[in-house]
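By letter and in written order, the chains are A, B, C and D; residue numbering begins at 1 in each of them.
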Amino acid sequence: MKVGIINVTGYTGVELARLLYQHPEVKLTSVTGRSAAGQKLGAVFPHLAGLELTISAELGDVELVFSAMPHKESAKEVIPLLGKGIKVVDISADFRLKDSSQYKQWYGFTHPAPRLLGEAVYGLTELYRAKIASSQLVANPGCYPTGAILALAPAVKAEIIEPDIIIDSKSGVSGAGRSLNLQTHFSEANEDVSAYALEGHRHLPEITQELKLLSGEKSLAVSFVPHLVPMTRGILTTCYAPLVSGKKEKQLKELYLDFYKDEPFVRVVDFPPHTKHTLGSNFCLIYPTVDQRAGKLIVISVIDNLVKGGSGQAVQNMNLMLGLPETTGLGAPAIYP
Amino acid sequence: MKVGIINVTGYTGVELARLLYQHPEVKLTSVTGRSAAGQKLGAVFPHLAGLELTISAELGDVELVFSAMPHKESAKEVIPLLGKGIKVVDISADFRLKDSSQYKQWYGFTHPAPRLLGEAVYGLTELYRAKIASSQLVANPGCYPTGAILALAPAVKAEIIEPDIIIDSKSGVSGAGRSLNLQTHFSEANEDVSAYALEGHRHLPEITQELKLLSGEKSLAVSFVPHLVPMTRGILTTCYAPLVSGKKEKQLKELYLDFYKDEPFVRVVDFPPHTKHTLGSNFCLIYPTVDQRAGKLIVISVIDNLVKGGSGQAVQNMNLMLGLPETTGLGAPAIYP
Amino acid sequence: MKVGIINVTGYTGVELARLLYQHPEVKLTSVTGRSAAGQKLGAVFPHLAGLELTISAELGDVELVFSAMPHKESAKEVIPLLGKGIKVVDISADFRLKDSSQYKQWYGFTHPAPRLLGEAVYGLTELYRAKIASSQLVANPGCYPTGAILALAPAVKAEIIEPDIIIDSKSGVSGAGRSLNLQTHFSEANEDVSAYALEGHRHLPEITQELKLLSGEKSLAVSFVPHLVPMTRGILTTCYAPLVSGKKEKQLKELYLDFYKDEPFVRVVDFPPHTKHTLGSNFCLIYPTVDQRAGKLIVISVIDNLVKGGSGQAVQNMNLMLGLPETTGLGAPAIYP
Amino acid sequence: MKVGIINVTGYTGVELARLLYQHPEVKLTSVTGRSAAGQKLGAVFPHLAGLELTISAELGDVELVFSAMPHKESAKEVIPLLGKGIKVVDISADFRLKDSSQYKQWYGFTHPAPRLLGEAVYGLTELYRAKIASSQLVANPGCYPTGAILALAPAVKAEIIEPDIIIDSKSGVSGAGRSLNLQTHFSEANEDVSAYALEGHRHLPEITQELKLLSGEKSLAVSFVPHLVPMTRGILTTCYAPLVSGKKEKQLKELYLDFYKDEPFVRVVDFPPHTKHTLGSNFCLIYPTVDQRAGKLIVISVIDNLVKGGSGQAVQNMNLMLGLPETTGLGAPAIYP
């Protein structure tokens, strides 16, 4: 089976190429990239010199395509492909939100195909596995929403917390992409921690949408503050919410273990996990605990933002869409130390 | 005026030596350290080679002493000095908590001089300036409490938030000290973020004590989760609390500006601050904002954990105790980038 | 085929476990470790939780074993295994040097089995492929020698340089192992570069031995200075030597391309390579160039010190010893960024 | 005395502002910057909020000015100032080289005022102290040349080495400036080491010129390879040269100690120094040693590239030019850890 990547030159695109290079059942045959068209992939990305591919301006003949275009641009690329019957995993935000008016509010553009928002499946594999398998268009989640929703889903679904949630995320710098920016200039980001997007990060509506769907559409207050920390990969998310009275640590643990018992890539752990435990892998580690003094649920999750928080999850979704075992090509453990 | 440092060989001790080296009004004449006794200070710490001092086993004749001993050990050193009329800034936790029973609970030892807990002044300069100036014993705050209390004090005091606070702190690794530990081994801590002490960090009772004093002894729920991030210095603290209805962003800003209007080392800023803005300096930058969607106050503070969060604040307190201008020797701006 | 690891708890041991976990033809069935005996491997190393193994005190029944013991200790473990017919890849230095007197000089112990030094094959796969395939005991090279010898072998063998070589290496901190040490304490090693072992690093006799063998046992002056840089993985080695007159850049490039033309893991490249191009992979990238002004050959090589510089090369050697294709289980490209 | 900075917005410019802020004898009254003109300095650089200055398009009335413009642009700014009798410390390369033809070769432009190259004094304070004190135009050295020349000067001058030198430098990323670049993007530079400018770095002619002047204009072969390491500040330089026979370690040490015996900012040390020993300070630490096996001199130097390697040395030169004690305002020890 042939697959392609639109815009291979960003970090998500090139990470897809790395994962597909090792995939035993599909073949990456076409990669596009505007600025680098005509160059060998291995000339731009020496770690992929083994992959004999030239970056082209136009997508070749493929069965499934990943779009790693920026938002707004991605929809333009994806819509014609759908008409040709090509399966699409869209890494951008363009099909994640169900309510088209939110694109105006959060992304500043009028969505070109609101009807498709109803057809697209939100690609958080653990929540929508069956739908993904039969979908033509999967909207791959953002990196922050992946960590946050996986951390909170069991508690929200079981209604053991009040609908008043705080999500404090710490992300490696690669989440900000490969485009140059003073914030991600080495001498600025190194030896530094900062919060950003306090006026409202674009991943917030995505998180709220999914948590509401899990809890049955109730009103839900979510404060989300992302932070940049001086490392390349990884997101650690710390979630806080008032516990509905009476829940014990042990019950909480069982609830989480049960919720994720059949998941190949989610592990509920007994210790506060480190982002390093997931570096380069598709795993999400989750640690739920109770702050008895304050009556709060605290849940910590860790992922590699470019793998489970991006390209790895995209491959996981691709596997389902192509009828392959979900874990195909994604078995590598994390790199440690 | 002669001053001394007990246990100069930890990071707080050696940072004190750096700051005192540049201090125009006092002279560091005696430094002790068990393992390194007999060595030149500059042989152990080459950056201080200009300071002609030998590490000794016993403290010399000084007017004021800083104890940078670990908790439990520090009280043993400090108590006899007080009897001799020497002024003491204790960097350890041994005199920070008013309720002696908390030492049993949080530090696992019976406090040897509970009476002194009533006499010691908590050395958060911005809150206790006058008392510090006339005190013989100042209990220098912990690094996390400094960032958290300064961030929350104006809001707690003005009663604009519900007594239900979340404090999520991100600390550089030097906060864990100079003692060797797998958690702070370079290859483990680099490219990693983790949360720790979820069962209750020792700085929690200190934070709670001070916030209660500010708010008038009400019940107060505080969840505090510290995180380790891969940098050497700096703490960024993100605080969340429900806003009592009706408070606007502008009023909030004015409240904070007014609270800190005469403070030489606290700056209320218009942008989310970076820890790098304080590296090596005694400043604390604070950014208060409102999450209108969730009805929450969010406050972010940044400090250098070893300066305002430790040795710099200790020198600030010393200045007051010796009748010197509070800012003496502490004017250096941060190192950037 | 069953394989085992002696001392799985160091960075080389645990990296072997990661690589063998993904290996399709052998099964890791036994791992030992003194301090952690009785614990699940996944409890000590969460990234390997998928590997259902318990760390034991004694090695189980295996066909081939990797010894990741420290030098001097390793020989004691390895010698009895050889007697039982078990194949051994020794990661330590205990069988790398041909001249037993050098163990006294460089490692401070009398070698317990000098006869085996003649039988052991130096496991730099690119130089000794055939011998490794038929050997029972392979002495896996050190991380620095791997980068240095691969960089210099074509030039030394072709006699295009004078026997007067400078090797300046820059290593990530994981090369110093998992044992705690002030030099590798995060706050000391972060934001720092330093040189060490200027009096003579233990990898020097190994480098000199192999370069002499390549050049035909002539006298050879080698200065080797290793440096610690603040990253976890990777070694960049910069080699300098006077060029025998008349060699041109183009001829040099052809010489290197030809020398490594059939090598699956060595790539001669057209640009100064980055350690990041090899992170987590078994590749070595080599860039030879000429400093025309000074009449010098300059060669730069990069490896991941724990993979090609350690455990990856050990698996490469194991593949040969077991009659498997050399690249089996080692195809993963580097993690980027 | 009033001083000014042309182009305050780069790392050298802003570091000058930090140092001058603390200077007791001069007052920084004018700072220019094209893109940021009209903004408060503290709005662009929050660590300097205490410095009440607005960035302007035009320089105000000052006695001495620092030009932190890029090469070629700097000469244009500096030449008219000289005519007005203003003293100038030029941080750029525009007046460092004595031979005007080298500007064509290395910097690609025809020098606009070759006559001034004879008048300008090369601002390596330790070598040209007297000339600097009476000069109107000082050409502040590059960061690499400062570390390399200080490391080699005693040996070159005493003619104890052959004129065949290798200089291998490891620099923090701030040396590459504040302009955005993929090489200095955090996710690219973090966890990475690379060599660059192997075809000839622009600091090479400057190093060669000064070493020739020291040795008496003999022919001199210098290979210089700079490397980028993942830290913000610091340069460690490792120099290698063949020793003229008969020199002993002890004599070498004495030679260096004697050469630098009166220097306030150069320390000859007994151990391999770390860049961290100089972070934020104007010190240069030098460690000379002998590789007896290879008959080589090895010298290691460390500096903070932005202080002794740039703005600190510029202030040191300013002090001399204004008749102030050379160390004024530069006494701060390094920040450690």
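One rule holds in what follows: a contact is a pair of C-beta atoms (placed from the backbone, for glycine too) under 8 Å apart; a residue touches a chain by one contact, two chains touch by 3 or more.
Since this is a predicted model, take the numbers as computed values, not measurements.
Peer 1: Kindly point out which of B-C, A-B or A-C repeats the B-D interface, defined as over half of the contact pairs being the same residue numbers.
Peer 2: Selected from B-C, A-B or A-C as the counterpart of B-D: A-C.
Peer 1: Across the interfaces C-D and A-D, which one involves more C-beta pairs in contact?
Peer 2: Most C-beta pairs in contact, of the two: C-D.
Peer 1: Would you kindly tell me how far, in whole Å, the mean C-alpha position of chain D lies from that of chain C?
Peer 2: One centre to the other, that is 38 Å.
Peer 1: Round to the nearest whole Å and give the separation of the Cα centres of chain A and chain D.
Peer 2: That gives a centre separation of 46 Å.
Peer 1: Send over the residues of chain B in touch with two or more other chains.
Peer 2: In chain B, the residues touching two or more other chains are 11, 172, 174, 178, 187-188, 190-191, 230-233, 273-274, 276, 279, 337.
Peer 1: Flag every residue of chain B that touches chain A in the complex, lowest number first.
Peer 2: These residues of chain B touch chain A: 164, 166, 168, 170, 172, 187-188, 190-196, 198, 200, 221-223, 225, 227, 229-234, 236, 238, 240, 242, 272-276, 279, 287, 289, 291, 293-296, 298, 300, 302, 337.
Peer 1: What does chain A use to touch chain C in their complex?
Peer 2: 11, 14-15, 18, 21-22, 45-51, 174, 178, 190-191, 232-233, 267, 269, 271, 273-274, 276-281, 285, 331-337
Peer 1: Within the complex, which stretch of chain B touches chain C?
Peer 2: Per the touch definition, chain B meets chain C at residues 11, 172-174, 178, 180-182, 184-191, 230-232.
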